[in-house]
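Presented below are the structures under discussion, each in the form of structure tokens.
What follows is a pair of complexes built around subunit A, which joins subunit B in one and subunit C in the other.
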Partner chain A sequence: MKSGPLVILVLTLLLVLLFFISLFSGRVWLPPGDVLRSFASGNDELAAIIVHELRLPRAVLAVLVGASLGVAGAVLQGFTRNPLAEPGLLGVATGASLGAVISIYFGFTSVFALATPLAGLLGALAATALTFALGWGGGSLALILAGVAVSGLTAALISLSLNLAPNANAAYEIMTWIMGSLADRSWDHVWLVTPFIVVGVIAMASTARALDALSLGETQAQSLGIHLTRTRLIILLGTATAVGAATSVTGAIGFIGLVAPHLIRPWVGHQPSRILLPAALAGAVLLLGADIATRLIRFGPELKLGVFTSLLGTPFFFWLVVKLRKTSP
Partner chain B sequence: MTRLEASSVVVRRNGRNIVDLVSAKGQAGDFIALIGANGAGKSTLLSVLAGLLKPDSGQVTLDGRTLTEYRGTELAKRRAFLPQNPRCEWPISVERLVALGLTPSLPAIGTFPEDFRAKVNATLTAFDLEAHRDQPATTLSGGELARAMLARALVGDPHILIADEPVAGLDPRHTLDTVRRLRHLAGEGKLIIISLHDLTLAARFSTRILAMKAGRLIADGPTAETMTSGLLRDVFDVDACVSGTGDTALVDFSAGS
Partner chain C sequence: MLGCVAISSYLTSLTVGIAVLCGAAISAFAQSPIPRRVMTLNMCADQLVLDLLPPERITSVTYISHIASDENLAHLAGRVGINYGMAEEVFAQSPDLVIGGDFSAPATQAILKRAGYPLYEMASAEKFEAIREQTLFVGRLLGAETRAQELVAEMEVDLADLARTRPARPISVVAWDGSGIAPGKGTLFNEILNVAGGINLAAEQSDAYMVALDMEELLVTNPDILAYGADLAMPSLRHEPLKHPAIQQRYGDRQIAYPEEQYVCGGPQSSRVARDLRAAMLAVLAEARPR
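Here is the complex of A and B:
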């Protein structure tokens, strides 16, 4: 039982380490000394510009986005008591994608630089509201089914936009965006998403005690004074705000939210509330690590972050299914 | 003095009254056995009594206040509820499982208070669960899990325990253990309400019988006077023979038509 704080410590150290690696690694390798000096002087050297304007916002975004995906996965798995639950499940991620795609499709980006992330955020909120309205009154299973239905709808609409794209460039831009990436993101993006991610993560974390009680099932949780409808609403809004904001600047990044809680669970005695913080750290570590890897692996065009996490995450999904097949009757 | 009272409770589903104008009272010291055929509305009535289900009409009061006036945690501190076949969904330790019973009393933020730890320890000892303290609850046997769940329900020292078939699926020894424990708790001044299919157990251990048929309460009274072959024929449509009272009571069904 003493392994909880140790896990948090190890993950924090790993995160700090990866954060520094991400500052000096990439197409242009910067010696660690140059990176540190650029903080001290803040001058206009090339190294300073690369670190301050390109790599620092990128690393900060990776941490913010990874952490929100990790927490959202932990909260959703705890709430639905379904080990396959993840932020994509409620239509949040695809909703954000759809919003962004609509903005690209109609060329809003040329009018206003942050149009795409804002549209993504709106898309996430709209999709979540639809999921919530559809699943209203049912249990968590109804909610999951509603999420699957909404995800299906948004995915179809994204395909439609590709189908009807006015020219090859627009289609290419949409495709690239869907694949998910942290490349060329700026401080503007960081400032845009930070408030949403902070509010969303706090909202999700506030349900920790309810998640613990839900280990006993919905009836017993309710008998222990847990307000189920309120908990469901907080989780939906929290996920929509945090993951919606995250997806709206990075594009769809799969599997981080699914994998992070599973890596943590055995180390903290499977207690849902104690998974939240380590899952946030693990999500940040995974995403930052994956982002560094996409910069280092070079065979032709840049490997997209969302593609990379999906490639790595899918075998994990296979493993999870095999494990479930063994443990369930 | 704990006093739970249902008045004219009606629960409607698909145009049918599955609980139909039920009025009943229970107070500290009562060990009430709710009997009735499958689908008679026992589980629904228990949910209403526990305040988990709002009746379509009528009301349930605890010490004069309707249950809907209580805040969730306030009610949760006073009454514990165990659904039929309670399950644990994650492999958390038995200690954690039992500690979950203290959820309504936990301070809004912060770690698990030290005196709560003492309560959990005392309950683990009282329910003979010391050896299983660190065992994942999902690996317990049926009898052990039922005992752990009962410990979970009682760790917060509630005034009322409502349990839906707490002995379903238990072997004879664990069944007797559980029912004896419940009677002892009633003797200590708690109000115990359980639904039960084992009529001999109901006849031997309960102090009062409530019998339901098709949503209606058709009998309500002290066990010795109420548990008769006439009542059982009414409730279950079988010929039954009730012999003896108290600890030697026996209910048997005749093989005839």
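Here is the complex of A and C:
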């Protein structure tokens, strides 16, 4: 496919444009002049606080989280050779939510700040490990089914921890948190998750060659010298690290990982290694775009990002199912 | 509404119908019109009934009052029984009168109504005028008029004090805890704040009962003080945004924590809550860097 570099260029330009737009969008209207001047002036003015401390870290987080969801979706779809695979389906996101919920409600967060992302990470790791263990050797369908079962289990455990949480408002708060949002996040959140996301994404990207070989089938890949167990382990650790950390800061954000690889495949083809970078960019563009939309669409309280992506993503999921039904016997 | 009480026997479904329309159903008792033993299913009713009646006349109050962080309330509740708002508990404890509320145990209240059980649904009082009327009304209902008048008189003394010592310029406040919603017009918080000498900027912006307000909007609204519902003993997500650098920069020394549970139920004690709020606001403003 020749258009790969062009797609990357277009997506990068789009991302830069959206990043710029996101600095101008919020529930408070700041004149564009004030936004631009805030970069020159000191940090005390209201416009500067709003742009530097609220909108900028939010946009950076959207890019980081969107990109990690996009890569995770592309890697999981390549590895399972199933177009429906995404972090949400394999229990990674709900596992991370469970870890974060436990950490928040049982007070580990107040002990040390890294507790929540670490717990998110551990939750994601545990859930993914369980999914991979259950679905081992049964092909990609078994893996997806295992993911559904693990998601069900973690959702039940989240409900249990809410049920037992010491705080009476817990149920309401966590319901809201699980909807997923980037509102009011700060640079602290950015610094907290960046190392995990970088490590996770690098780990996932390092499997690119193995994924290409795997597209020929497991036996063929092994004959090409691919170490299946090691690849599986790296993918497990990589997705859990990146998506686990991202989810622990934003809450669950569905469908970006599913949709991003599908959107760019028509242009860059189906070779897994060629999809990774465009999928990361597409994930970032989708999430940043969705986040801007939640700020501009107003029905009273801010529309939650995770709700918005799910509302847009579900029809896409339906379309995928219908398409699969047509192509498979 | 408060004065609308239908006295009925258990048998006449017609009167039950009228009583439901009135919003308050009291069934009469052969011997005495004053209920000897009262049970409450609503935390706001708990507090008022505990203030009005001696413990031997209360069969039980809700478990919420038993675990209240307000030590005085928890102490008073500890001297009477406990209930979890279940209809079976009502039948087992068989009080002469059940007091419920707007939002408490709706299914239980519906069963009690169908069974023709003596039930009074206490509306929530979010204005001092309503608190005054409600306290006197429930006092009459329970045969504790004198005690009710005492409670109201104490409240009036506090309110008169607060009005006399009102700050020359109202202190602007927004109650914001990161949940993205601030109490607005018609809330008990608004009423208590106004009596304490403050002005609620969220209520100035909108006519809504609860006003949606995100961090950007809060910063632009620019109140003198940011008040947050304090339940810091319990880990909670709601207070995370208060640690945000943007909030710390503007409101690091202009925050007050208010005990949220005291702003849920309007009652004679609400004037003391207003007194505490006044003191907290003045203390913060005395320490804060001038703007």
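As a convention for this text, the second predicted complex is superposed on the first by the 289 of 329 C-alpha atoms of A that agree within 3 Å, B and C clash if a C-alpha of one lies under 4 Å from a C-alpha of the other, contacts with A are read in each partner's own complex, and residues count from 1 in each chain.
Just so we're on the same page, a contact is a pair of C-beta atoms (placed from the backbone, for glycine too) under 8 Å apart; a residue touches a chain by one contact, two chains touch by 3 or more.
On a predicted model such as this, the values are computed, not experimentally measured, just so you know.
Once the two complexes are laid over each other on the shared chain, residue contacts for A:Gln271 go to subunit B alone; subunit C is not touched. In the superposition on chain A, contact is made by A:Asp188 with subunit C only, not with subunit B. When subunit B and subunit C are set side by side, the one touching more residues of subunit A is C. Look at A:Thr219: by the touch rule set out above, it reaches subunit B but stays clear of subunit C. Contact with neither subunit B nor subunit C is seen for A:Ile197 once the two complexes are overlaid on the shared chain. In the superposition on chain A, contact is made by A:Glu173 with subunit C only, not with subunit B.
Once the two complexes are laid over each other on the shared chain, residue contacts for A:Leu54 go to subunit C alone; subunit B is not touched.
Residues 50, 52, 71-77, 79-83, 86-93, 96-97, 100-101, 103-104, 106, 136, 152 of subunit B are the ones touching subunit A in the complex.
Of all residues in subunit A, those touching subunit B in their complex are 1, 81, 209, 212-217, 219-220, 222-227, 269-272. Subunit C contributes residues 178-181, 212, 214-217, 219-220, 222, 231, 234-238, 241, 243-246, 249-250 to its touches with subunit A in the complex. Residues of subunit A touching subunit C in their complex: 26-28, 46, 49-50, 53-54, 104-107, 109-110, 166-170, 173-174, 176-177, 183-184, 186-188, 300-302.
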